[in-house]
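A, B, C and D label the chains in the order they appear, each numbered from 1.
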């Protein structure tokens, strides 16, 4: 029997971490053939060029698609998505996959979802059914309505997908592949690289990591476009006041990235902070090792509610971006407020590691996803289940 | 207070009939300004050039967007949608509307929905929550997940939209604007034009319409791409055998239109049917008058379950395209089978007009839609209501 | 040494005939690797689906790109070209060719030319430097200004390309590959197929081809958009009056195709001509055999000035489309005038075959093109040579 | 008589300076109506947001089109152009201009040129016929082959356009509108603003401008993509060694901008130069006043051969970007070599102002352009003039 051709589209660096072990699972499965497409910000230097990591990990893209329209505003996000639909349709037509996999809820995932579903190609959606507080909310659930197979990451997500009218037989709680990486790190936690040498972050200097440090990763919130700059400044000054070594990661591409990025740039020019080290991005496992050994993870990244819960890293989650997401007991939520942020960080730094939470699965999601893709019935027409 | 700018995007001839009275309601409302965009097949001669009717009715488009990619296959549908997202984003950016309205469930409505929702423009969706049996099912519910205001046409649609997690306060059962047209026809039913003269249909001849005739309108079903030709032939030969004057309307643009259209063309070449008259399309009110005076409406158009129920026209609904839709007691459902189709038509012809069903509202949906658009709170961020 | 990767983009049926022997030459050359891309109307049924013939001839496309926007007006032509630039850029990026080949002067060739030249890929242009009387004129010479290697088909074309400022060392008079096909037919002219059986043309009937017949192929002229219908009617009625068996071929995609096509359709409905047989298209060699044995070729196709001159077929060339093109002595030029067209046809029918003209080369252009592509220096930056 | 509708498309900040007085001429002309479209990098903050200056100058765009695809590589340039063709076709269709004006030779001008010419709209090209040494060379002459009216800036340009086969009656030497601005500055040269206050350049400090300063503006050269970083470093270190106050302007969008920009960023991080002040961009007249009072203009901007010749500013032109362009006697040409650059600057600084050269017209090009657009016969079909 011919192998099933599984086309996975990766459009951003964080999506790659979310799907990496599933890529490996698909590649290793005897009944599956992986067709990897890399697109959008995953190809761009200024968003950390995920493609370099992908290829280094041994995954060779069959097609690369530039599709990010400049503007870093909502109009550009819409047009990027339109370009993506057009171009991915051509890619899918030429690859002729048996199933297309789209990851999570970034705005460009809609491009993958529309192209595949309109072309009557069965669509599998990884990480549907979750809830947060921004445009991703619309995108994620709209993709659910276009998808045929739902590879959700938690029981509450499964419940929500079914309540939205999806056929329960098509909803699989496989856990989150990002937890698989956290599991690898838990099993082999040694902090075995020098981040300043390996990643040559701007602003780096000699520090003793053993004395404690924090990690910051804060994205703009797309429905709060306009306040991105003010929001980031609260965090910047909280970290400044804290006066503890901090690894700060630039945000990914999103409307408002300019507000966030400009806020960071201006802060750096003006304050010339000595204890904050700015990085573009780390390889996923290095990043997890970095946070595992940190005193606190700060910001609004989903890593804070997901991998960090499995690792037990003390976390301060800022603002609305992760609102409603399943999370472990390792998290303190705060608003965009300099004083509150600093206070929460100090509390977490004094707490130390939490015990591991398994709310997003047990660390074998990649294999489970491959197995579902190899065995599930592949269909592309569906109806509301009620 | 400035008027709210309401941008309505019309992409196809049937969508215009579905929204016409709402356009009038918006245009007439003292607190609203209409921004009409005409796009896709609504601009194309071979799909009946809706734009001519729209302008004749006094609605002047502020922008026209060609976006239909040739191919009449699912790949072309996807790419058409991608082009639409790109171009409508530019149109919305320049028009800067307060709310965008998208109609029903044609595949291109997704272009309107993605562009508006990604640009943080409140999106109102007319006719969500209905169920049928094809790709429209995915599109319709995905648009629901992108929309902020739901202008549904029936109680069962309202129930479904809420079950899918939408905020009940944002779901308004306004009825279907197409019923408003049917209501006008019921109040003024005179068949006051000669269809052969006014529309110069191919194949026309002298017939006495008072002696009875049937009307056929059958679209390809997108998830059954490939069988379109076989499906249409069953109906063609049923009508041939029936030997009663028949008005046959060409299908609209959809993947598979070629199969349906080729089936019709080949049939005409081969059978040279004398009693079947082929038309591209009528103005909506003329079409409703035509079916109101007909002995039977045949095919799979939504007119058959919607306007015809209000008018009480005996109807034979073929295949899966309207499966699950609310309908009146005037309808007989049959499969793609020449003998069954003919038998059902004969039964309906002998029955005569049914009493009117109000399942899709009372004929004032256009005004109700305008009122909701003028008064509802306009927001663009939302969460699942559960 | 690695083979040079030669990417040839074919966008239409007539372009395929123009380049077929060069494809063979490239495929057969030990130092070249063929990367064939099929796009635009070459993929569409209603323009004769060139892709089927291409694959039957043993050329396997590495990528297919749907890009024809519906509308059949100049706006659609522009947008088709824009889509083509976008998509071909992605294709070229992924194929990474050493040289891209674009053919002749159809409007979509600009898409190939812009994408390749902007991406710093050396561009070879087949059939530049010719003159005619329509939009092709702008396209052809603009492509010349983007191209690095000029594979022209006649001495006068070579002179013009050099006069426009191109480096003479980069201009190669290889002759026209379409003449290679004519040469094959001259060497093996047997009319060994039944056109009615093999191509099932609409309107076919039993006729005795040995008693003489004519062939008609008339395209709309893009700068005369609007008069296409009137123009075609002059030819239609000339052929009607002539009352000799006629093979009539539908036009290719161009703005105005609707005018031409509608003119033909209406004529057929109204006049029901008994001696005119309508065909979509023939395989190139069959078409050349058909015209070789015909009494006269009529219309405005470039076949009339090119292959027919080599074959010596009596030809009536109508209107401005081939104005200024090199031609043999086998041609009579007439305007869009029913009486003039008929008179010219009658003169040519009584003349019989002319002697062969070699103005477009000696029948070995395909090999010569492959040789230039294998040996010419490949550069992508150039300056005016004066 | 209805006014002629003149649609001018501006895609970049430098293009605006090149056309500003023509915009004014068109706006003021009693027989013309200006339709201004702003697109591409002219809308983007990181390229100096020309749109803000345009609107401040009283020109209100009727449409804005985001079209720059991220990547800053040749593939992105091609795709940007494709997007532009698509979107500008829609804009032109809705505006229905009598003539479209495209400016100079940036890669996106091809989008304007293809859309207009394919839509049979007469196309006027400003600044054709010039010669330089990069991809612009291909673009500029290809646009000439698509254009119907040539508004050239010098006699040598006129000669070249005619040699390329254009009808001499359609070629008008109007001079360069950028010289009109220089003429305004010559008539009113006071340096009446503080650049550090008005433009808040990064790195600014108190300096005495009267003691002399230089100005640097160096773009990446698109056919030398890859060497952009090395090239800029030669200039950076020459300026560092020079140790004279320097105003340095960031480059515009082009393939390779990343190389150039990264080179500048790294230099700043590493060398922390105290006497170099970095600016995004000035309003055109402020920029001309800045260079008029400078000791030397350095780089490869066309300002160096054009406005600076009229103003008599001592200029050092680096590399191939302006090769072959008409120029005054105020210019010294050097290669990418740190020592040569420094030496040439020192020579120019000791020379002082040159006398004015009128090779690009007498400072009234804007009015002349308006007059040609108001009176020239508008046609869209043309042939080679030989």
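Convention: contacts are C-beta pairs under 8 Å (C-beta built on N, C-alpha and C of every residue); 3 or more make two chains touch, one makes a residue touch a chain.
On a predicted model such as this, the values are computed, not experimentally measured, just so you know.
Centroid distances from chain A, each centroid being the mean of CA atoms, peak for C. Taking A-C and A-D together, the pair of chains sharing more C-beta contacts is A-D. Centroids built from CA atoms put chain D at 41 Å from chain A.
Centre-to-centre separation of chain A and chain C, using mean CA positions: 51 Å. Shown for chain B are the residues in touch with two or more other chains, namely 66, 75, 79, 83, 86-87, 89-90, 93. Across the interface of their complex, chain B is touched by residues 63-66, 83, 86-87, 89-90, 93-94 of chain D. By the touch rule above, chain C contacts chain B in their complex via residues 41, 43-46, 66-71, 75-76, 79, 83, 202, 258, 269.
Within the complex formed with chain C, the chain D residues making contact are 74-75, 77-79, 81-90, 92-93, 107, 110-111, 114-115, 117-120, 131, 133-135, 137-138, 141-146, 160, 163-165, 222-223, 225, 323-324, 380-384, 386.
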